[in-house]
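Here chain A shows up in two complexes: once beside chain B, once beside chain C.
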Partner chain A sequence: MRLAGRLGGAALSLVMVAVLGFFLFRVVPGDPVVSMTRGRPTTAATQEALRAQFGLDRPVHEQFWSYFTGLLRGELGTSFTFRRPVADVILERLGPTLLLVGTSTLIAVGLGLWLGVRAAWRRNSALDRVTTGVSLTLWAVPTFWLGMLLMMVTGDLFPSRGMRDTDTPPDFLSQALDVGHHLVLPSVTLVAVVCAEYALVMRSSLLEELHAPYLTTARAKGLRDDVVRRRHAVPNAVLPAITLVFLRVGLVVSGAITTETVFSWPGLGLLFYDALTGPDYFLLQGLLVVTAGAVVVMNLLADLLHGVLDPRVKVV
Partner chain B sequence: MSAGLQLNNLTVHYGHKRVVDDVTLAVAPGQTLGLAGESGSGKSTVAMSVLRLLPGTARVDGEVLLDGEDVRTMSWGRLRAVRWASASIVFQGAMHSLNPVRRVGEQIAEPMRLHGTEGSVAALLEQVELPRDKARAYPHELSGGQKQRVMIAMALACRPRLVIADEPTTALDVIVQAQVLAVLTRLVAEQDLGLLMISHDLSVLAATCDELAVMHQGRLVERGRARQVVADPRHPHTAALTAAFPVIGDPAHRWAEPAVPAEPLLRVRDLTVDYGRTRAVDGVDLEVGRGEIVALVGQSGSGKTTLARAIMGLRRPSSGRVIFDGAEVPRSGRALKAFRRQVQLVLQDPASALNPRHTVFDAVAEGLRVHGLRGDEEALVTAAVERAELRPANLYLEALPHELSGGQQQRVVIAGALVLGPRLLVADEPVASLDASVRGEVVALLLRLRRELGLASLLITHDLGLAWQIADRVAVMHQGKIVEQGSVEQVLLTPSHDYTRALVRAVPALGPGV
Partner chain C sequence: MRRFLAHRTGTAGAVVLAVAALVALVAPLLIPAEALDVTRVTAPAWQPPGARQWLGTDHTGRSVALLMAQGAGTSLFVGLTAAVLAVGIGTLVGIVSGHFGGLLSGALLRVTDFFLVLPALVLAIALSTVLPRGLGTIVLAIGLTSWPSTARVVRAQTLTIEARPFVERARALGGGHGHVIGRHVLPSVVPLVLVNATLAVASAIVAESTLAFLGLGDPTRISWGAMLHQAQLHGAVPRAAWWFLLPPGLAIVVVVLAFTLVGRALEAVVTPKR
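What follows is the complex of A and B.
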């Protein structure tokens, strides 16, 4: 029952996102055809032809219907700037983003949670002060500034633009190494920002558990301090952090906009940036649906996982 | 080298604050010692010092000898080996002493694996009279009494020679408390263990321990055979503690004046409340007269709180009527709000009932503001606060809850009810979370309010002693039904229903001949 409820809620959110995505870009000012043809001499007839091509001359409800049924078939319309189906463009950019976000999330989760646990367990120790101080700083610093700083500091050590060089040999190993090399700076930037948040949340969550009576029980049993932490304190304290991690992963798909733009990483973030500067309405609409969908799905996953980790929450 | 626990001149400081002051006591295997005291008396600090569980900020002086070895000077490795194997603790497990995300079987088995003890979880559960499949349960799936049995099974897992029980039955119902105490004392006697039992409740200690020690402000003020200490307390503090646990049937503990039959203020007729498919209140008839104090007693889960909520209009009944002062209680709107002004609620735990950031003045004045009562707010609040015996009021009005004692906080809650000039007080366990010495004062306050203001009370409690102390009539609730009601003497001294008899029997007896 509960599971059905959760799934239904998620499905409803997705529909709302789709509807919102359509109307949001209908109410923003600006004529898409004008911006599409900006800087080029056009006649009224060409503009009309373009309108017809993108279906902009039809009544709004008809446009919505074809948009919505298209969505159900996995079609997101045609991009003005790329002159290709939006779904194809997004799909093509999904890989690089997943690579970047996946790598940095794995590192950030491991490092952030570990640091948070250590810092809370030895509150006011040197490690705690350093972790908290550095985390707060990284969290406060603008991402683009951090990225550019990294570029300047590392100099020529790592490539700072794109995902691969054009002159790399086509065999798999060389290609993989090249991508890995390019991945260093953007993922370090993303890890720094996300990891700081995880560390702070994990720290405060564990601090709240620190005086829980069941930890006294565990100590009284004769358990070593690190066993008390690992086996009793962390499984309880990690629960709020889990929700945040998943929510963040959903957001990071779009939240990597600054990082990808600074390092010209050819992922969804950069695509978002390009679509905004266009502006490319169908592309923006598609990106909105995909990234908002990612948040909804991740949130659902967090709920389900929470139910597995916390026996008090019954999901199924 | 003597077996068991020996504390010599134990003194514990937090900073400059001395919380345990020169305590010397011993518990040998086979002996049972009760350590009594109010919150803040240092009794739990004594318990924690035995396994060196006090926080690093505590300074411990004196000797803590466990089987002849000083716990204070042990290496960490030795200390870990001694913990749970030589002495174990039954914490107040009904609350939060079990890890909520691990199965209880794992938690019982954990120290056995650690200390290499033979045995099975199933056998341990059997000892505490729990079915063996409960090993797979998580703590939240167990009742308070079952959790406490798990704590006892866990404490006995490594066959220690000494068990320390720290408030093992606080927050449990009388009947469950009696069962848990029976299991604990049986096992301690069977296995010839030493037992150090800590409680604020002298009657619990007197029922389970041979010897009794009383702590007050960190010091041991009295020590002796349990029955003797209770029957003939030497120290005034012990006397105050015994007085706080009224003996049912003892006229000296009956504070209520003989009731004059009064016309009914509140009438409940055939009231039924359902939660989904569960019938929480089942066809209840109940009356409270003007200026009458009626005690509604029963175990948790018996439906007494639901009944109170339905009476106050907080929960819509499925059927039946609630008649207040001759008129049916409105179910919604402005009329319901006006009705609520006349019926005020006093909750069990004043610390959580009060907003920690509101001053006493704000807390008391809130009701006035909610009901849009105009007039001299300050005068009304001051009068209510003084009625609740916080005198002079101006000393308290600007205080925040954490600056007040538990008894004072409960007076603030009562003042917040009084300021609206109610005619009926619904008090849900009003003294259960209070210390023995202030409990009596709050009980006396309720009686004085009745005498001076003609204020009627519906007292919801599982404490039969409290009912004996101040109630005119008692209604016994069991599984949603009122199974017996009548005058206090009639119900408590000559109970006619089986359930009432079980309730009365489960109350731990204080001293001999009662």
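What follows is the complex of A and C.
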């Protein structure tokens, strides 16, 4: 029953995402065609044709219906700048983003949780103070600025634009090395920003457990300190932390937008930037719906995962 | 107050903020308009720091030091107003959904949770792309997308307070909604709201700089984020023009950190348990 509730809630959220995506770009003052063609020579006839092409000349409820049924079929309209279906453009850019976000998240989770555990276990130690201080500072650092700084400091050491060079040999190994080389700076930027948050979450989660009676019992049994930490304290403390990691997926999304913009990484984040500089409303709407939908799904997964990992939480 | 001063980091943060506020207020009065006018400056572009331009010049020859001082106002103004807007909406939603039960509360909670998980920056980008460029748009875009966490905290506090016997007593004595909210709930959420507001300013300043960096800022105003946008656009990185890149970023970090530290010190004062 709880499972059905969760699934229903997620489905409702997805519908709300779709509705939000539609109205955000329709209720705004001004004519989307006028603002999208601003700065380009267009005749009234062209604008009329564009309006008809995008369906903007029809009543709002008809527009909504065709938009919504389109979504269910996986159609997101046509991009104004790319002159191609939005869904195709987004799919094309999905790979690089998954590579960047996936690598960075794995490193950030590992490093963040490790640091958080160390800091909380030796509370007020030098490591704790440094971890907390650095995390708070990194939280205050704008992602894009960190990226620009890294770019300037490392100079020619790492490539700073795009995902691969055009003159790399086409065999798999050279290509992979080239992409990996390009991946260094963007992923370091993203890791730095996201990892700080994870470390703080893990730290406070473990601090909650520190005075639990079962740890006193474990110590009374004569277990060594790091056995108490690894076998008893961390497994309990890591559960809420992992859920929070999933819940903060929006943070990674925001980080990816600015990181990809700074490093011209050809993923969804850079596509966001292209869409907003256009401005290309249909592309932006598609991106909003896709990323928000993905975040909703990730949250559902976090809920379910938490139920599996922690039997005290009954989800199923 | 004395307990706040006992937090050294919080006090340091407050001092930093006072200095930043002073600069923001005084700068527009002291800086002559022609010093920031691209068409009227005489200094060469991309000049490294020296005796005359002690923070160097930007791509048009304007003094980076003067731009920094002028930008403080915009960054602080957007941060403060967006935070007030966000915390105001959050408090209202939180109290209403905590105080009135039933369908309304359920619906508000649903909406809060929905906006809580959505990436705020994505929504803010969408809003500021469709609305006309300007200071008001940025404030709206940030304020309308960052209220849910306050709403959650305020709702929880409202529920806690309303379960206490003295509220029950007030109700039994005939106290209406207005009385319970005004006399009991509101005073108990004020400290929490203050803490949240301080932290909200911190994230609003980062959000402003991000939107400005993406070119969604008010094109007629100088802000630290807008300076970094110009730095990126005109190639400060390949030119290694560190004097144009470091100051705005450092200013953002210092001010945001100051707000965070003040917020954490306030939090420790109002929730003395830990």
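Keep this in mind: the second predicted complex is superposed on the first by the 310 of 316 C-alpha atoms of A that agree within 3 Å, B and C clash if a C-alpha of one lies under 4 Å from a C-alpha of the other, contacts with A are read in each partner's own complex, and residues count from 1 in each chain.
Convention: a contact is a pair of C-beta atoms (placed from the backbone, for glycine too) under 8 Å apart; a residue touches a chain by one contact, two chains touch by 3 or more.
Note that the coordinates shown come from a computational prediction; the quantities given were computed from them, not determined experimentally.
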{"item": "Which superposed partner A:A4 touches (first chain B, second chain C, both, neither)", "value": "neither"}
{"item": "First, second, both or neither for A:N236, with chain B first and chain C second", "value": "first"}
{"item": "Touched partner set for A:A44, first chain B, second chain C, both or neither", "value": "neither"}
{"item": "Touched partner set for A:P311, first chain B, second chain C, both or neither", "value": "first"}
{"item": "Which partner reaches more residues of chain A (counting touched residues only), chain B or chain C", "value": "C"}
{"item": "First (chain B), second (chain C), both or neither touched by A:T217", "value": "first"}
{"item": "Contacts of A:L173 with chain B and chain C, given as first, second, both or neither", "value": "neither"}
{"item": "Which superposed partner A:L288 touches (first chain B, second chain C, both, neither)", "value": "second"}
{"item": "Partner chain(s) touched by A:M152 [first = chain B, second = chain C, both, neither]", "value": "second"}
{"item": "Touching both chain C and chain B, counted on chain A across the two superposed complexes", "value": "none"}
{"item": "Residue numbers on chain A that touch chain B, as the complex places them", "value": "212-214, 216-224, 231-232, 235-236, 239, 309-312"}
{"item": "List of chain A residues in touch with chain C within their complex", "value": "9, 12-13, 16-17, 24-25, 28-30, 136-137, 139-145, 148-149, 151-152, 155, 160, 247, 249-251, 253-254, 257-258, 261-262, 272-273, 275-277, 279, 281, 284-285, 287-288, 291-292, 295-296, 299"}
{"item": "Chain C residues touching chain A - in the complex, by the definition given at the top", "value": "110, 114, 117-123, 125-127, 129-132, 202, 206, 209-210, 213-216, 225, 228, 231-232, 236-237, 240, 242, 245-246, 248-249, 252-254, 256-257, 260-261"}
{"item": "Complex contact set, residues of chain B against chain A", "value": "48, 51, 53, 79-85, 88-89, 91-93, 95-102, 110-111, 114-115, 138, 140-141, 154"}
